[in-house]
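To keep things clear, I will list the structure first and then write my remarks on it.
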């Protein structure tokens, strides 16, 4: 649906990274973890296209919908200027959400950078279903790590990695995860979101680990609703044929085996 | 010069018409009546071009520069959203100012609509020089008339005209002026600004009246400084040859005899 | 109430606002926002004989007041379209125009012939912005000869109203428009996208997977309006104008220049309600101006 | 400190950032903002043999992310230019390139010959977006034959480095670029403006006095970058890239696509300091990237 969502809060929580709380009851009620909003930042032709952001939280009882975004260009820069009480034109919730298995009690959430956003929403929902939540969260340096306490259910266990070692494990979050892993000993499923190289490594390694794993992917979008074929991601079907699926419609969440890197 | 001017005030004074006070010392010191500012409304590509506005007042002692503008399109609409304390990118003062004759004691200021803006500045300066000021000011209806008291020197005499007769004379301001005129009895010079048809009528009639008369013209501009030849106005030289002059450089003020309508 | 109906030669539309090919999918996605029967017609994604995978990503790049796309005609091919997408589109009560594309003349001819047999298709639109593989990759729409031959053949192969969509990447749009008319086109669509590219400076390489793409959106509108204006003067067949339309004022520029219908493309991505809003704004405009038919202003800016 | 000097064949510039013809007048106006000697060069307004009045107003229309102009080559003509404007420009220490335009081959030849005699001109730029009155108004830059003949003749008539400025309103820019190279051009300028128009809906008529005008600004940048990219692959002579450049990122797109210098046009109107800022940003960029010469990244995005 298309709606004007009222800004409740729009604040920089770590340098360059903003936490945006919106009020829009229908979106709050309809959203599932893994879905995204496609927002029109100004009522003007610059920037021209909408911008997609994962839903980092949706609260049907208060009508609140959250987004967490990093400033990377003109669109996000303008978004950061949006003040409390102003309205943001949102299309959503869009896309296919994560689909956790009923019978797997342990959920591993693996995020790089702002890729944590959709997993925060997922963690809250899964935790509500009584699942055990393990969060592996990496960034290049400690200054970029979001204060997860604010966003995660209390019972979630968090493991941090930074490339410069300024907080937690020194190195990639995928390595951290691998190092804590005793393969096959535990039944768990993995949900991951982050930079493409990280997801690619994960997908390769998981061929050995063998966990059920779902990845949330990004691609440049125009329509966001499946009409333009713009957000193509290459996939491989079971009979090894390749083709393109739409990140905005069949995705952004894909089974790791589906993606052809 | 190019400067960021701070907004002191930006308020709707009559419906659709705004009064903008800026603080910029150099511009305030350098400006003369008839000159204009070329402003860049947003730091973005939409709208693309700068917008020209006559200087409605400049106060060297307080660093203040005023503009009065009517909302007609996207640019002026965005301009009206500019808040106190924000900055406006201004190029100016630009153009050739009015050049009143030293020895003519009576100044007739003839304005249609927002064309009053440059004449307000002129009135203050001429009044300071001890001249008698007669202001003829017309609009289509009384709701569009600016509250001139706020802007004019006390001694100025004001004659109003509205097309619908809702205030002052019913009809065109040019007719009002003509009706009060005993041609040739008084030495005066005319300064006029307003819609093109009004200026054209004035110029035609003044061939009989014979007053010295200067007109402030408008034309679509790109550079505003004389480089692009975009703001051409057709002129006729004494030997009856036509050619184009630049509103932004040789103008916006032209002798009425010069303009080839 | 003002009558929005228009006749484009043999093609009768309930109103003159269409969805442009490639920007409206097969209609399904927009059907969740409004009823497709409101539209003058939906021009579907370019359809090819065989399924097409399309180009590698990224396929979209934002540009100043516009966008580039390099979808590469991804589509399920004729068979799957007729089996699945077309019936669904019809069940949504849309007026349907099929845009067809091919690598060879034969592709176009087969498509035209087979689609002629199907009930419920309003017209065919020929996408000529495709390289002709047999003639060494020269674009069907770039050469008067190649284009004229194709149009004449398709004309004979099909009983449907024939729209020819011209590419703007040519020296003389008028020459091509005249040739299309005399080869049998019933209607012209102007314009397809302008060829452009963006370079990703941080990666020092072209941003799009396909290197170049097609420019659309408000940025191209002045070029599109100019082409409609020029073509209107030299052909008799009606014109569907498009390129950067997102509101009433934009659409009126095209009508005044000489278009008898307009299509909305990229603007659908910004606001899915663009077309229904434009239709109702147009209705209001006609009423307030006392127009009985849009024909009264078509070409009114010509001088 | 990074060295900004570039050699464009026979033309040596102190830096690769120029002011585009028609947007910088004869330099005078911008001299009140900064010293003109900072610029790689000033390409002056198109100069014709006789004075030219130009087109009726309005001559400017704003468009989404761009503008149309229909100045119509208003200029004082060769004689007055040499008497007044040129000496003033030289006294401002500007490196000067003269852009010439004509209605006939003879116009171009006379201009080229006479300007060859003048000291202190760096190069000539041929504006080919002019209709050839003798050949029924066909544009010099639209036809390979007409263009090639003109370039060959001018080449023989003049000893200055010869820049040929191509128009983007053509089907195949590569074909024209190759023809320009083989006819004797030393350097290519790409692109001139795209032909466009705006209709004033309230008046139901074209907004510009001249009906159509030339589109420039950020809107056209994707088309310009694409043309530079394509031409770079097929000619050996250096390219001056232009079209919608207003900052470092824009300029780098052109260098990476294959331009060895860039020119800034419409952006001067938005911010008169655009060029000096771009030069210093470029200097900083080269230093931070450890580049010794801009040549190291020219064409780096080709693949």
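Each chain gets a letter, A, B, C and D, in the order it is written, and its residues are counted from 1.
One rule holds in what follows: a residue touches a chain if its C-beta (ideal position, glycine included) is under 8 Å from a C-beta of that chain, and two chains touch if they have at least 3 such contacts.
Quantities reported herein were computed from a predicted structural model and do not represent experimental measurements.
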item	value
Which of A-D and B-D has more C-beta contact pairs	B-D
Intercentroid distance (Cα basis), chain D paired with chain B, Å	36
Where chain A and chain D are represented by their mean Cα positions, the distance between them in whole Å	47
Distance from the mean Cα position of chain B to that of chain A, given in whole angstrom	56
Between chain C and chain D, centroid-to-centroid distance (C-alpha), Å	34
Sites on chain A at which at least two other chains make contact	45-46
For chain C, residues that touch 2 or more chains besides their own	61, 63-66, 217-218
Pairwise touch network: line, ring, star, complete, or other	complete
Residues of chain A that touch chain D when the two form their complex	45-46
For the chain B and chain D complex, residues of the former touching the latter	2, 40, 45-50, 91, 219-234, 242-244
Chain C residues within the chain B interface of the complex	64-65
Touch list for chain C against partner chain D, complex	61, 63-66, 68, 142, 169-172, 194-199, 201, 204-206, 211-212, 215, 217-223, 225-226, 229, 244, 249, 252-253, 256-257, 297, 300-301, 303
Chain B-facing residues of chain D, complex	22-25, 28-30, 33, 45, 53-67, 69, 71, 74, 217-218, 266, 268-273
